Amino acid sequence: MPNFWSDPFGFLIQWFNNLLLGWGLPGGTVQFIAYVVGAFILVAGSLFFCLLLIWAERKIGGRVQDRLGPNRVGPFGLVQAVADMLKIFTKEFVTPDGVDKVVYNLAPIMSVAAVILLWAVIPFTITFYGNDLNVGVLYLVAVGGLADLSIVMAGWSSNNKFALLGAFRAVAQLISYEVPLVISLLLPVMLSGSMKLNEIVRAQDVPFIVTAPIAAAIFFISSIAENGRAPFDLMEAESEIVAGFNVEYSGLKFGFFFVGDFLHAFTIAMLFSVLFLGGWRGPGADQIPILGFVYMMIKTSIMYFLGLLVRFSLPRFRIDQMMNINWKMLTPIALGAVMATAFVDKATANVLATTTPVLGVILRTLILLVTNGMVLWVASDLMGSVLTRKERRVVALEARPVARPEPPAAPIEPTEGEVS
Amino acid sequence: MLSDWMYIGIFMLLSVFLPAVAIVIAGILGPKKPSPIKNSTYECGIETVGETWVQFKAQYYVYALVFLVFDVETIFLYPWALAYNQQTFFMVTEAILFILILLGGLIYAIRKGVLEWQ
Amino acid sequence: MIPLYWFLAFSIALFCIGLFGVLARKNAIAMLMGIELMLNAVNINLIAFWRYFFAGDAQLDPTRAFAFVAIVFVAAAAETAVGLALIISVYRRRTTVVANDMNLMKG
Amino acid sequence: MILQILFIIIAVVTLVSAIFVVTAHKLMHAALWLVLALFGVAVLFAFLEASFFAVVQVLVYIGAIAILVIFAVMLTRRVMDDSGPQLIKGWWVALVGVGALFVGLLAALGTWVGFQAGPGPSPDPALLTQLGSDLVDPTKYAIPFEVASILLLAALVGAIYIAADKKGGKE
């Protein structure tokens, strides 16, 4: 039985199980009930946690942009999100004519579910996690793919050409950035030899951000793109298209796309800290799991804050730039990083095996760091030539079909008689 | 292993069910006053022009295509990465060859210019 | 437990539905969807046999089924990619996706 | 017992959505039903304790192939709203033939003695790692592994060649 003070989550889980067993229920039923309760707490918890996230995001966004952010309702405007929630709950659902009812209503639910499902495998502490699936990392990627589907469904069922166009742009972006995401996730799996997220955390004696910095950076960038945040917020680029795939939604259905969005931003930070920053690892976290939770939340908050800084300070990419970044930079670099790491690590493994364990770890870390640096150096050399080769055509001076500029007047020769 | 999936299944049901309940509650709480104007398709306030189902460029299809190929690649690369620590040097070079072949496909796509947004 | 033949019967049913789709649909994309169903039926079959006879027995080389299914996945992906590309290409030239009207080879 | 009930529910849902795939009037609906059918198959993979393929099914089929199909449906949009019948004239011939095949296969299945086998012992969780080693093991599946990549490359190059806009062509 875990100690309550060192491991409240494990204690509560054990206590609950023992309580049910004490009532004389069979073991299978107890497990089932424990699963339902655990899943319910995680799902409902994540949904309500979103309220806090919305407040945090608005507050931090406000401070970044030299505003105050919400500050009227409650202390520091904390209750603002609750008030907004109440408001959105009492909004009317405007369902346009000609929508495909079932698909239309399913899409926002799916977009939230696709994010919440990620929480099922995240290890919060050594003992507190939904489920340590043995294909955890692939599960994360697979669930991410459901978001694409929800966007297609939303765009298509709205019976609106702007929604459809927005949906297709969004999906083109999402599926493009899923490629480097998937490839960069190979490196944690490779270095830890497991797809269980808890095992990956355990394997990070040296956090993977040190041994695989390129993968970490690519994961971070493509996650932001998956989330559809600035500077990759092409899917809701309100100055270019009519807000994207969700124009025909209203009330809470509209809100759910944003619930998914806000929650996703935090989930990304959690995943980053689990996969690359060592999750709950830290001094004393093995003995006192609650400390692990604190470490995890600190790391997550740092990443979350970083994501918000990126969001609120960078301008939007143009869509062709965005696609170029993905296909011509991130994907080849990610592939290159995987290949180089695999090659170098294997090539030096025999040599390192002859040294002492501690020295071996240090040397391996250094070698991998240098390898990553080399990959980046080679890549920047190659990419530089590829990326700069084709500039966008300058159309400013060419004749255009509409709004043709006046033919330039003949240059006025200065004549002798005129004095200006 | 089955119990793991049982949990994921329950989680999946709940993560669909709770938002659905929220939407139903919001539907009950909210007013319901539809009108033809309100329910018309949104098009910046003007009347809908043209057919709804516009045509798309083949561009989108190419992105999905490259994505599909790299997605299928994961079926092979993830088990390989999982077993990386137990492999010999030769086995790793095989996987690198695998990646190189796919990189060739990507380079073809880039050189062909189909990944360029037009 | 679930007997093996449930899975096999399910697989047969799925295969037949897919086959019906391939035979009876006019639209070429719909026919491809039927093929997807058939390939899925095959995969279910492979995995079911793997689970019931090979999974727990290291002597029988349990990864063989995995390698097999992985190849089926690749084949399905390649087939879909090329098939849909062909359909789009034909559609661009003939503005049709009805399989009967695709008679470019007739000359 | 619970497993059996769950299996029946999922099998029925999958088969019904498969039937909708081949009969749906709007092609987009057919594609969405296809997603549901594929998801049902993924759940059955999970039933068979092939976690890896359950996830890969969602990843590849739902995440990629279904999206590809939906894109293709959208690209060939103009004729999709044809109100004409989506089945060929002699569809009932196909139905009879397929029905005969179904019954025949079931009968053939019934004559096979091993069909009532219960599941063997649960697979080793380390099997996936084993697969990873075997895939690159020259004495096992190294050739299929490399051939798969070449097949993917060929599919990619071929499909891009076919689908990409010809230069100078009007589109």
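Labels A, B, C and D are assigned to the chains in the order they are written; within every chain, residues are numbered from 1.
The rule we apply is simple: a residue touches a chain if its C-beta (ideal position, glycine included) is under 8 Å from a C-beta of that chain, and two chains touch if they have at least 3 such contacts.
What you are looking at is a predicted structure, and each value in this text was computed from that prediction instead of being measured.
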Most widely separated chain from subunit B, with each centre as the mean of CA atoms: C
Distance between the centres, which are taken as Cα means, of subunit B and subunit A, whole angstrom: 14
Centre distance in Å when subunit C and subunit D are each reduced to the mean of their C-alpha atoms: 5
Separation of subunit B from subunit C, taking each centre as the mean of its C-alpha atoms, in whole Å: 21
Subunit B and subunit D: spacing of chain centres that average the CA atoms, whole Å: 17
Residues of subunit A whose C-beta touches two or more other chains: 133-134, 138-139, 141, 164, 168, 171, 175, 178, 193, 195
Junction residues of subunit D, two or more chains touched: 3, 47, 49, 51-52, 56, 59-60, 63-65, 67-68, 71-72, 74-75, 78, 122-123, 125, 128-131, 135, 148, 152, 155-156, 159-160, 163, 171
Touching two or more other chains - residue numbers and ranges from subunit C: 66, 70, 73-74, 77, 80-81, 84-85, 88, 92
Arrangement of touching chains [line / ring / star / complete / other]: other
Complex contact set, residues of subunit D against subunit A: 28, 32, 35, 51-52, 55-56, 58-59, 62-64, 66-67, 70-71, 74, 125, 128-129
Contacting residues of subunit B [partner subunit C, same complex]: 58, 61, 65, 68-69, 71-72, 75-76, 79
Subunit A - residues contacting subunit B, complex: 31-32, 35-36, 38-40, 42-44, 47, 88-98, 105, 108-110, 112-113, 116-117, 120, 130-134, 137-139, 141, 159-162, 164-165, 168, 171-172, 175-176, 178-179, 182-183, 186-187, 189-191, 193-195, 242, 247-248, 251-253, 256, 319-320, 322-324, 327-328, 331-332, 335, 338-339, 342-343, 346-347, 386, 390
Partner subunit A, residues of subunit B touching it in the complex: 1, 3-4, 6-8, 10-12, 14-16, 18-20, 22-23, 25-27, 29-34, 36, 38-44, 50, 52-54, 56, 59-60, 63-64, 66-67, 70-71, 74, 77-78, 81-85, 87, 89, 92-93, 95-96, 99-100, 102-103, 106, 109-110, 115-118
Complex contact set, residues of subunit A against subunit D: 103, 133-135, 138-139, 141-146, 148-149, 152-153, 156, 164, 168, 171, 175, 178, 193, 195
